[in-house]
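The first chain written gets the first letter, and so on, giving A, B, C and D; residue counts start at 1 in each chain.
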Amino acid sequence: MKVLLIGDIVGRAGRRAVRELLPDIIDEEEIDFVIANGENAAGGFGITKKVAQELYNYGIDVLTMGNHTWDNKGIFKFIEDDQNLIRPYNYPSGTPGRGYGIYELDSGVKVAVVNLLGRIFLDNVACPFEKLEELLNEIEADFVFVDFHAEATSEKVGLGRYFDGQVATVFGTHTHVQTADEKVLPNGTAYMTDLGLTGAVDSILGMKKEGVLKKLTTQLPQRFSVATGDTQFCGAVVDLDLENGLANSIIKVREVYQN
Amino acid sequence: MKVLLIGDIVGRAGRRAVRELLPDIIDEEEIDFVIANGENAAGGFGITKKVAQELYNYGIDVLTMGNHTWDNKGIFKFIEDDQNLIRPYNYPSGTPGRGYGIYELDSGVKVAVVNLLGRIFLDNVACPFEKLEELLNEIEADFVFVDFHAEATSEKVGLGRYFDGQVATVFGTHTHVQTADEKVLPNGTAYMTDLGLTGAVDSILGMKKEGVLKKLTTQLPQRFSVATGDTQFCGAVVDLDLENGLANSIIKVREVYQN
Amino acid sequence: MKVLLIGDIVGRAGRRAVRELLPDIIDEEEIDFVIANGENAAGGFGITKKVAQELYNYGIDVLTMGNHTWDNKGIFKFIEDDQNLIRPYNYPSGTPGRGYGIYELDSGVKVAVVNLLGRIFLDNVACPFEKLEELLNEIEADFVFVDFHAEATSEKVGLGRYFDGQVATVFGTHTHVQTADEKVLPNGTAYMTDLGLTGAVDSILGMKKEGVLKKLTTQLPQRFSVATGDTQFCGAVVDLDLENGLANSIIKVREVYQN
Amino acid sequence: MKVLLIGDIVGRAGRRAVRELLPDIIDEEEIDFVIANGENAAGGFGITKKVAQELYNYGIDVLTMGNHTWDNKGIFKFIEDDQNLIRPYNYPSGTPGRGYGIYELDSGVKVAVVNLLGRIFLDNVACPFEKLEELLNEIEADFVFVDFHAEATSEKVGLGRYFDGQVATVFGTHTHVQTADEKVLPNGTAYMTDLGLTGAVDSILGMKKEGVLKKLTTQLPQRFSVATGDTQFCGAVVDLDLENGLANSIIKVREVYQN
């Protein structure tokens, strides 16, 4: 059984990469389930019901979020109803939406998807280690996938190592740069520090270079907008072991769609 | 002409990877010049004269540093004399040591190596964009290599894009996780967000897992020590164009030496 | 000769405190010159030409700014023309506006006002120590006032101590909480870590409590708006020594205007 | 009934201020209970059994801590046994020591002391609002005192406002600069953003100026040592209302002991 993971989809360019490349990848790789990070899917900042629907239509099963979850106020209109949209689980109790979901495939296999937010250089949330440990005691699923949306590599690698053997996959998102460290850890958990950017190639993290460079060099506020042109699809394919709920392999994916 | 870049060498395990793997890589790839990040070479924290000498003996030509430059006080004893040790250029004026060096190869080619430190989530130093721009107006070299030791991908990708066409290569260090985004940018500069860890495979960023995990889960202070066992060599090979001072290609390298 | 310093003026409530209380303070204390921090004067975020003019009309001579300088885009329309508006001096070169001003009083006395931004937990700007040291070598004035807009007390106390004897006064802004440490340092510089909030009393830093508390407890984005009701005026009066350009005394001021 | 609060005691100079000034203050103000922050009591970094005992001998009843709790490893030897030493309550469960204590006075009055750590610009701990709310539902005491050891004024003022009417006093520590905002909030809780430094007057936050200034200007690592000379005692006296468990008044204290 194979699950495809897709890194932060940034704006229209990112959605176009999904539209043009996902169907073939699903076919060729015989993918059973697709999880994608959607925190930047709407204009680079947050998500809307329309954008989420568009991404589900392209073949994505579950969307995870991150520190940009609430950037677009449109999310408050549908997050309670959308069973396939997962925001960080370690937000305070009472936060709208859900921090994990359990999905039953046609085969009867149950896949749990959890979203966690890092704390180092990021947001003031509950401890991701403690929260995940608690959750794993509560839920039942054949495979658990954790999108650890975090900045610091120590925290990301640390979480992967800590839960090695307890979950099927820990994958990182947020940096918009794909890492080359995908591997199955010693106890069977597939791990990758960051899936990378799904969005415009000629960009800085999916956004137009000019605005970001002006911000970096002048420190003056800038309006950031989604870049255009050739667009890339970044992620990974995890091959799972039905006998132990762990992973046989993880292979990173990066494809470019020329505009 | 080819230059080999090596990511953060962490402790004895990292140095062993260099000793065992570097000579063959130099031979097979026909490398003309070797630049390595040495900020964690001595026990994971800083560098000493003895450790620097050991690394030069293995075939490294220039060592760059980062936020851990001063962790080992031994550096103050030799940094002024060692022409091949480069600490961040954007430290305050009056900082011991040098922030760049220009090296003439047997072929007569002049290679400049600059070390810069990021500011986002890192240290309070002068603007890396401004300082590099100034420096490029001052120095003369056939090829300029910039080790941008930084945390945030926005700042790293940003600096690469900003100086695209002006320097031969911008490579990142510091995260100890190799990225998969190596490429020649549109105007000819080779770029890679992070070269990755040269050190123990079964580790968190080169250090023993136990201490780092205890820190992450308990928040109590821990002593971190260098991990052992199989060790990896991470970096990249840049093929240069003698006609324009830019890059033809950049290919990432990751090799494991089994203990 | 006496100079009055006023802490961060937050929105309409802060401006009302200035309007109602400043004239009497100027009269009673026989104030010769008034410097106020205006970074939150327009609705809590930045400043506009109209708001600046209003504050000048109330008797303020010079407005300094801080990390909120650019929050209101209206500032770009008049910052180049307004000789009495001072933004942080340690912004990158090329930043609109001016980082210091020298003002000649009717008595012929020249007062320099410099605005600096802190780096610890704040913004990526040039070193405030280095920049001020350079500036003091360039300018000529009878008295130099430094508004050090910063977060960390180590950086604020440190700057005061470092320039003790070189400038008339180092005063802090930004925390919106008045400190009780006003004093003349051993070498004659008046110092105070923070002048405090000029704005609504029943508030969190001048803003309505509800929004700030919701942000702190839910981590969800909130709209912050200026609080109303009784309003306070915070600052300090510095008595200067015309013979040596230093200070005889500094006395903090806090008055409440009941609505 | 009156409780005396003492701000961060820094090293030998701070302890001397306590020794020389505390007995008279207790007598003159008719103090019933003394709470002091001891996170810097041993050489500026952490605390030891001997130092804690010394402070209890001077008349302190309870010592609270902060981000420097574990700086001196000596604490691990006695924290489990010392009922009067309180470390931040919002550390992870399993942390050595206790996060609050309830003390019965001779009069039969029960005083609870809670220590909380801030998250903004500080440490990755559990939400102080959530943890305190939980704790208040669990414990029974006549008066609750909260030492909120935090950096950002928004978080400190916010916590005071949030629990206004629910606890007797919220006082801040950590910045080593006394604030001038002591007051009884509308619903009866005494509040003060920071008690200030108990330690050497001619210093930067209690430490020798030279080292701190060198760190601020060179960014090179420095050894910080406790300053000497005249020493100050900073804190506040809270007068309590036995009928409602709230406060009648809070008056800040600052006294200097000339060496």
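Side notes on the structure shown:
Here is the rule we go by: a contact is a pair of C-beta atoms (placed from the backbone, for glycine too) under 8 Å apart; a residue touches a chain by one contact, two chains touch by 3 or more.
Note that this is a predicted model, so its numbers are computed, not measured.
With contact taken as defined at the outset, subunit A and subunit B are each touched by C, D.
Residue numbering at the subunit A/subunit D interface overlaps substantially, since over half of the positions present are found in both copies. Each chain gets one centre point, the mean of its Cα atoms, and the points for subunit C and subunit D are 29 Å apart. Between the CA-based centres of subunit B and subunit D the separation comes to 44 Å, rounded to the whole angstrom.
In subunit A, the residues that touch at least two other chains are 92, 124, 127, 130, 217. Within the complex formed with subunit D, the subunit B residues making contact are 70-71, 91-92, 94-96, 123-125, 217-221. On the side of subunit C, the complex with subunit B involves touching residues 92-93, 119-120, 124, 126-127, 130.
Against subunit A, in their complex, subunit B makes its touches with residues 121, 127, 129-130, 151-159, 161-162, 175-181, 186, 193-194, 196, 202, 204-205, 209, 212-213, 216-217, 252, 254.
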